[in-house]
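To keep things clear, I will list the structure first and then write my remarks on it.
We just call them A, B, C, D, E and F in the order they show up, numbering each chain from 1.
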């Protein structure tokens, strides 16, 4: 048994020492989720990068899109699996399970997307994301055409690529920081909420 | 939403049509686990290979060893993650959580062993297993010496390599079959058993 | 001979149709550089992502750091070479040549950093950046220690990793868009400015 | 000139100290082949694993199949070449030459299967085996369909995959042990037997 | 700032100490180019290899061919980019720019051939060259047929492969020597020659 | 069973139609070896390249060197194994067996150099050759120093690299041509010559 590792390789600032906008954002997510995901604390070491990262995140994940909220998380989990990013696999795996009300889908996508319970359209989406993740230099017209044949619009295609690219950044930062997932994430979405 | 995929790409025999020894083994595991892990049903398509596989499995996993039962499962989960074998990651992840009484360790090892909560000795064990998994051709005296410096005996070293090699076989068969993990495995060992 | 390819696979908005803040930023860069780098036009297809990207960019590249402005560009050029991103190699190659007043350094770093005219400290910086770029999952204490032995502070190390991660995003987006470098970049910094 | 290396990195038990069933099996193979292949001696260090390995081996290689005995050895030689396993390339190369009465085929398959004197059906078989060997995670319906189009039954396909998986285990164990091929194997099947 | 590195890891002979035929060849190239490309000086350390290399070079590059002189240089620049050979990228990039009267094409091909301004026929030529460069073992009839469909003759195909193979040799020697490109090459062909 | 494949994908010229110097060289090798190695016939399709190739070959292989004739062939066989060149593995494997009077060494080096019966000095030589073969871009002072510590002179080091580079060319050409090894090579050096 080893002692728990710290949240991040870099110092994690005290909540009270943070700029007002960061503290408010963190308190809001805490109220909603019941805990503060460690990425918020670790990135707060650099307030300007914190602001830019979440602005980019919201621009891509909150905009109206031909992708559902669950599909966006599928992209994150599958590409984070390839990049072997523990934080993103565990944290976004939880979000994916909740959005899809599917306790199996995150482990499937993180381990081997080819075996995941996806529609053919979703498989095409993930195949494209994996190519942007690992071989973007060879993305060509054929890849774009394959997505269009499944009904993805050009803006949907940008979304798939953009989410992959943003979480490529996130995966590298999390691996650099040795960012530790909150324990809460591991179980979220795996068991039905108790009713009443 | 897609229909659930079958257990295996090949036919799964009816329990009553199986040779007596297979049926007994399957009923025994069902009694112990509460369900029949799909690998037993899928491999029963070939009774002789079923017998040989489980004989090999028991020879390596049940023998006395300098590795604990949990450590043996660590090897299986980490190498199955590299081989991207959904069945083995999910099923042996469950067993690992139970043996180690640690709900986090399986996801850590499957996603990125470098970030797992392991002792230095266990990290050395996993590093060696990953080299046998992906680059056995270059295993040399230096690799052996590194394990010995952590107190592993020569028979422990064989065990690490042997378990890796056996689950390399298992990973390839499971990926070939598209072997589907039982849903029960996904949750096992993640929540404390209710007491009383 | 083929017709010139478009700037981006996606539509490039008209400058007059852009939100005021984007138009101002673009006009400012045009005044300073003498032309509008295509990344500004192509990213303007998504104003929120444009704002977030340049906020992130400025947070990392304009902050005080133990890295010089030229060293930050060295990281961008070397990792963009590995990611085979034509836009970033050509555009940031130009900036690097200007900052370093060195007409050779960009081609050296884009082609083979091991052969570039760098100090040992800069080689250590680039080696680390290349590992974050291609193998972040295995970044460990040894890599951090190697940088510290060259006098890099912990915040410098974050900068090296952060710049690499941000341009990993940028490289993927540029390859996705088939973003075309402005012809001006190819020659910038290669010839001494005429005097008088 | 260096001294001959030992048969295995682990101790090789004395024939008289072995359990009766192992000794009988070894004496039988010696009578048939004229010498004891080193894998029998090296694996005898672990009698239970010895029994399981050869049970698995016989289950796959001795069963009736749509694959000829020579074709099964083709799979072993080609995949052992990819895994760079000296013992299996040399020992099964000999067996392949004898079964096929072809002194060239083993070196062709071990070095570059694409250049081997195979029928299109055999090339399809080897292509599939190489994918199970190196990329089993991506085996899909298209790969299965390609084999069926050459007349392979579903059980033949299992055989191709199973033999590949078993020798993937064998290759890893042999590389781990530094298992040394018997000198006899190098020449077997290369020259016509003298008649009369 | 670091001191300039030497031309080659090995001694560079004095021009006056060279065999007559080498000196003449070197003086001829100097007269034509205005300077002596460093490969001539570095290879002169081994006069017989110098003679053989340039004989091979001339046999492939000076013969009549269905490939233009510029197309032959495209092959060299693209494959040297993959092999990360600084000397060949910089020196042959210059020659390519001059032959094609195109200041952009060399940086495009060295960085990412998929994004270069090529005709479909030239893209097919480069795709084939890249396969000979990195995966010659799998060149097959399909690859040959693809070239024929673009009008390449069998001798053109040999030329593509031969140039790739020869510069594979050259790239390895230059990387071994740490062969330093002449500074003149970096700028050649980038700016229109002043007239009058 | 398939029909024997042709010697080369390109036409093989008639001996009588060849330039005098090629015909003489070919007849000389035939007299010495008892047969004409197919590389001589296949390359004769391009007489100038034939002359240059063998001039390069002789410059490297016939010069006095700190490497023995057998050691030079060890480099060829090991790197041709990595490049999966059937012709060079089989033909130079034969030459290596003869030079070293060792019927095992060629199969060892072609399959897995780490398991070959080499001296530590020869292992260092082969490690260096493999790096020039597959990763020349990263050859650095440390690699050179490792060879010097085994007593290799700077000219020996050039020889190791040069032979590797030349046979990298040869391997690519042979794979491009689908150059077929003469059957005689497979057996040469495997059995003691009959005496008397």
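FYI, contacts are C-beta pairs under 8 Å (C-beta built on N, C-alpha and C of every residue); 3 or more make two chains touch, one makes a residue touch a chain.
Quick caveat, the model's predicted, so the values are computed rather than measured.
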- Message: Touching both chain A and chain B, which chains are there?
- Response: C, D
- Tell me which chain's centre, taken as the mean of its C-alpha atoms, is farthest from chain C. D
- To the nearest 5 degrees, please report the angle of the rotation taking chain C's Cα atoms onto chain F. 120
- Which chain's mean C-alpha position is the greatest distance from chain F's? A
- Query: Taking each chain's centre as its mean C-alpha position, how far apart are chain B and chain D in Å?
  - Reply: 25
- Query: Rounded to the nearest whole Å, what is the centre-to-centre distance of chain B and chain F, using the mean of the C-alpha atoms as each centre?
  - Reply: 44
- Message: Give me the residue numbers in chain B that touch at least two other chains, ranges are fine.
- Response: 84-85, 112, 137, 175
- Treating touching as the only link between chains, describe the layout with one word: line, ring, star, complete or other. other
- Task: Any two chains that touch count here, so list every such pair.
- Result: A-B, A-C, A-D, A-E, B-C, B-D, B-F, C-E, C-F, D-E, D-F, E-F
- Task: Report the residues of chain A in contact with chain E in the complex, numbered from low to high.
- Result: 137-138, 140
- As the complex stands, chain D meets chain F at residues 1-2, 4-5, 81, 84-86, 89-90, 103-104, 107-108, 110-112, 115, 117-119, 175, 178, 180, 183, 186-187, 190-191
- Which residues of chain E touch chain F in their complex? 9-10, 45-46, 48-49, 51-53, 55-56, 58-60, 63, 83-85, 132-133, 136-137, 139, 144, 154, 158, 161-162, 164-166, 168-173, 175-176
- Message: Which stretch or stretches of chain A touch chain D in the complex?
- Response: 112, 114
